[in-house]
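In the two assemblies presented below, chain A is common to both, partnered first by chain B and then by chain C.
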Partner chain A sequence: MTAARKLINWLGLGLFALLGVAAVVPLFLIIGDIYIKGIDAINRLGGLWHFLTALPPTPFDEKGGIGPMLVGTLYMTALGALLGIAVGFPLGVYIGEMRREKFANVSRAAVNILVEFPTIVVGLFVYAVMSLAKQSLNQYLLDPLSKALSPVGGWITQFIGPLDGFNAYAGAAALAIIMIPYVALITASAYASIEQQLREAAYAIGGREFNALFVVLRKAVSRAVVTAALLGTAKIAGETAPLLFTAFGNTYYAPFTGPTAAVSLWIWYAAQTPYSVQIASAYGAAAVLLTIILIIFIVARIRG
Partner chain B sequence: MAKIDVKDLRVFFGASPVITGVNLSIPDRSITALMGPSGSGKSTTLRVLNRLIELYPEARVSGEVYLDGRDIFKMDVLELRRRVQMIFQIPNPIPNLSIFENVALGLKLNRLVRGRRELFERVRSALEKAQLWDEVRNRLDMPAGKLSGGQQQRLCVARALAFEPEVLLADEPTANLDPENTARLEALFLWLKRDVTIVLVTHYPPQAARVSDYVAFLYKGQIVEWGPTRDVFTKPKHELTEKYVTGRLY
Partner chain C sequence: MLGLLLVVLLIPYLIAAYGLLFVKLRWGLRLFGAFIVATIGLLTAMFLVEAYPIIARDGVAVFLRTSWDPARESYGVLQALAGTVLTSAVAMALAMPMALGVAVTINEILPARLRGIFGSLVDLTATMPTVIYGLWGLFVLGPTLQSLINYLPGGMMTSPYTLFTAGVLLAIMITPYAAAVIREGYALVPKPVEEAVYAVGATRFEAALIKLRYVRNYILGGFFLALGRAMGETVAVAMVVGGNYARFTTNIFESGVTISSLIALQFPNAASYQYMVPALFAGALLLTLFGLAINAAAIYIIQKWQI
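After this line comes the complex of A and B, so read on.
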């Protein structure tokens, strides 16, 4: 009897270990494939520094890089993450902490839907808004603004000026819309899990409700919120679909007010061309993107 | 002279009455114990005194409470909570915040200090009063969550004392402490009452007998009996009180 039980136990454990391995293997296969091909490609295309700064290769080039894409991705991800945290965190406090407000239930439901939204729809939505708003926005705000700012120097036109239909700000907005519900939900669940004892202490020492909620209790849940912000940033850094109709992509260093390059867009474009040099650059770009995301992920793990 | 006067206090949670008419006068610079079985409304009474009850939207409060003759419900709640501080049943420092920051945070948020030097002095003096300074002086940057339970509770006392409050509310502060730390905290209260009015909630009559000057016995949301501790414990006027202090009612 005991021998049979031992055998069943052994078989059961073996099965679960096998399932665990099966879950991990694809991850390492993907990472390994991308780094092996990517590092080889980066070396062939002119070394790491050249690859990170140069323009992408045309089909007839030997060398090239992803300079404009890297700049575009970093810029849009940073803006999108800042906006996502700035809106997502207070929203999370609202739906997590002020649960008795009537509207909080509506927002919680909305956020829960938004977090599962197809990201390409978000991009399409921002594109539509951009098309409608562009003309008056340029006419009444951005034209006068860029003229007023012109004494600062020509470099300012790289960032502020009349917008094209496709631009980095539309891309950042789409990324922010993807990040907001993500940050809000994690913030909300962190606040909802605060014990009543700690909440009372916060109000006893914090005084004002704003201080109690956004200073004392934020410090109590800061780890979860920072982790959420970092993981959300890693998530949007690799997004492609929302950028298709918003940033559009570019192959040159160009003002952020016009079509803007992104690493993910370049991978999507270059990998489907028939030219081996561009396919190689897509592998290199994938390795760079994966590195960025893994670094953010590791930082989040260490802090959390 | 009474520090706090409670007149005809009634509290409902939703439709169910929790306190049904409490009248109490708490003398200045003394320890007043509120004792009674679970659910008698001790903690709720305490939470009215600094209006933390307002964190519970389903709670409805009626009656009057005066602090030094001023109606607390008409007072600025920030001023009230500065003057009436509280410590809780479960030690509740912010666990990932440093020992120093736990004491300093309330002072900073309420803008009670000017400059780093004054802040440090206030924090040190609060930790000294709470008899924690000697144990933590070399590790003020350590997260408060790493302290032992007894130390965490004294840290909460320091956090409250940093405000230099006039009243200290204590909601079963020793319920989660071992006998040694309980004795320390009780000794601390006896020493603090020279400067501060203390209201101590306890469900353990011997504790009320040991530390309090006045005691009120609550039962089912009403005060059955209150007066000087010695009188209540030696010559209880009410049969319920006698049963409770002799451990036959719980």
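After this line comes the complex of A and C, so read on.
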């Protein structure tokens, strides 16, 4: 090998390595920036516990927190993740196991398109459905329902009642639509990678096809599916664009049937205000959100 | 009434799908498949319906005009379309080399023990909330880029928040998506091909180049997937793009707006105007059509020319 080729080899590999490293350096810069400014902000705004429970600061406050946002994010993420797994998992089984069917390939194409779809479009879709459905939904279904449920106690009105145009359930629905294709694709590839012998054995002992697919073979792929569910949850916990038109955001502890606060929405709103106390609270909220997502991500990686 | 039916029928539909899973598994599974196909169909139909008032009033002119003047009820999304194209172009130009670098670094350069960790870091880059990227772009990246560009001779970036800032931020965000597809292809290069490359005396760099050429359809597929992400990204872009929705510009060092950030920024006061909501939905329709076309192209490329 000539010296020139050796040199080109090292320069070329060095260039690739440099580009590869350049792709992950911003990650450290961002995490460092968020935690340095975020922890400082949380301390200034009244300590961790106060920050996690208090109402957000108005421009004239010294202290404040993200209590309502945290509650809203947890509620909507939990609902969205449950619905996302409930629909995404069978869908993944379908496109992974029934690959010979023509319609399964159509569904697979639809899932592939939806997983890369702009999330803002999903939010607008749910908004459009909600604005069409709200009035008659309230009139025929939710008004009578909330009257029938009133003996249960006042707390039920926090969860069930006539819906506003913006509400936590619309937000959860948007998050679920984002999560479904994500779970479905990973489930599908896990099912597709099951060995044929194992599949035949499962069908041989399982009796009904349902048992073979959902009981026996599920064990073979459960690890991948749990990882998919965790990563999907981490993804929707930080989503902002779909919530802009569905949950809308709020600054108080409010019923989930009306506009609901979310951590990501508060960061989006507060970062763009000119008030330093609100910008500080945005950084604190970002640190909290990042911590939640990092924990879910690391758990998923250790398990997976 | 239509919407009521939609929402109310959804629940029995899902219950029926679950019930059928026990009774007649294949049909139950097909119902789930139909659900996702119907979602995409409904989504497009819904946007057509919502955007109809402005399309009935202006025709296709709404996509060709550059004015955004709510006071006169005159709306056009061409300046936003230009912004989307420009930011995506900047982002793709920066992201594709980085994605190639990630694929080669993981498969050729790093020792086996570090590959998993590096891969996880790249995946984490994709999982991070976009609003956190926006926050960082707003207070760190934007000002840094401004002083950097203005330090160069002839650099004129009057504001930290420009189409260029948005493009750079997008590049960081979409690199992992392109890299994931390229990595997938790179790992599938057959062993005999790799051995043949080394047998004729290629250096590791030359081998990497040959392998990259071997997986060029994956690179193209990754390109389209990342492009789809770049065009649709909303919150992070809206925070750093400058929000200039009134004036048409093709200078990337000026403030601009993209379709998705136009929707995000204008939506809160849209209800006060008669035609603004339909105009925003026309923008969303455009985004949907782009998303469908680009993703379909990416899927076609990856599936058609699989190794």
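The definition used in the following text is that the second predicted complex is superposed on the first by the 281 of 304 C-alpha atoms of A that agree within 3 Å, B and C clash if a C-alpha of one lies under 4 Å from a C-alpha of the other, contacts with A are read in each partner's own complex, and residues count from 1 in each chain.
In this text, contacts are C-beta pairs under 8 Å (C-beta built on N, C-alpha and C of every residue); 3 or more make two chains touch, one makes a residue touch a chain.
Owing to the predicted nature of the structure, the values given are computational and were not obtained by experimental measurement.
Chemist: May I ask you to name which of chain B and chain C touches more residues of chain A?
Modeler: For chain A, the partner with the higher number of touched residues is C.
Chemist: What is the contact status of A:Leu198 with respect to chain B (first) and chain C (second): first, second, both, or neither?
Modeler: First partner only, chain B.
Chemist: Would you check which partner chain A:Pro181 touches, where first means chain B only, second means chain C only, and both and neither mean what they say?
Modeler: After superposition on chain A, A:Pro181 lies in contact with chain C alone.
Chemist: Tell me which partner A:Ala109 touches in the superposition: chain B (first), chain C (second), both or neither.
Modeler: second
Chemist: Taking the superposition on A as described, I'd like to know which of chain B and chain C A:Lys219 touches: first, second, both or neither.
Modeler: first
Chemist: Return first, second, both or neither, reflecting whether A:Arg5 touches chain B, chain C, both chains, or no partner chain.
Modeler: second
Chemist: Which chain A residues come up in both lists, the one for chain B and the one for chain C?
Modeler: The answer is residues 208 of chain A.
Chemist: If you look only at chain A, which of its residues touch chain C in the complex?
Modeler: Residues 1, 5-6, 8-13, 15-24, 26-27, 29-30, 33-34, 86-87, 90-91, 93-95, 97-98, 101, 103-104, 106-107, 109-114, 116-122, 124-125, 128-134, 136-137, 140-141, 177, 180-181, 184, 208-210, 213-214, 231, 234-235, 237-241, 244-245, 264, 267-268, 271-272, 279, 282-283, 286, 289-290, 293-294, 297, 301.
Chemist: Name, in rising order, each residue of chain C that touches chain A in their complex.
Modeler: Answer in residue numbers: 1-4, 6-8, 14, 17-18, 21-22, 25-26, 28-30, 32-37, 39-40, 42-43, 46-47, 49-50, 97-106, 108-109, 118, 120-122, 124-125, 127-136, 138-140, 172, 175-177, 179, 201, 203-206, 208-209, 225, 228-229, 231-235, 239, 260, 263-264, 267, 280-281, 284, 287-288, 291-292, 295-296, 298-299.
Chemist: Taking the touch rule as given, give the residues of chain A at its contact with chain B in the complex, in rising order.
Modeler: Residues 100, 195, 197-201, 203-208, 211, 215-216, 219-220, 222-223 of chain A touch chain B in their complex.
Chemist: Quick check on the complex: what are the chain B residues that touch chain A?
Modeler: 47, 50, 52, 55, 57, 77-78, 81-82, 85-86, 88-90, 92-97, 101, 105-106, 109-110, 156, 159-160, 163
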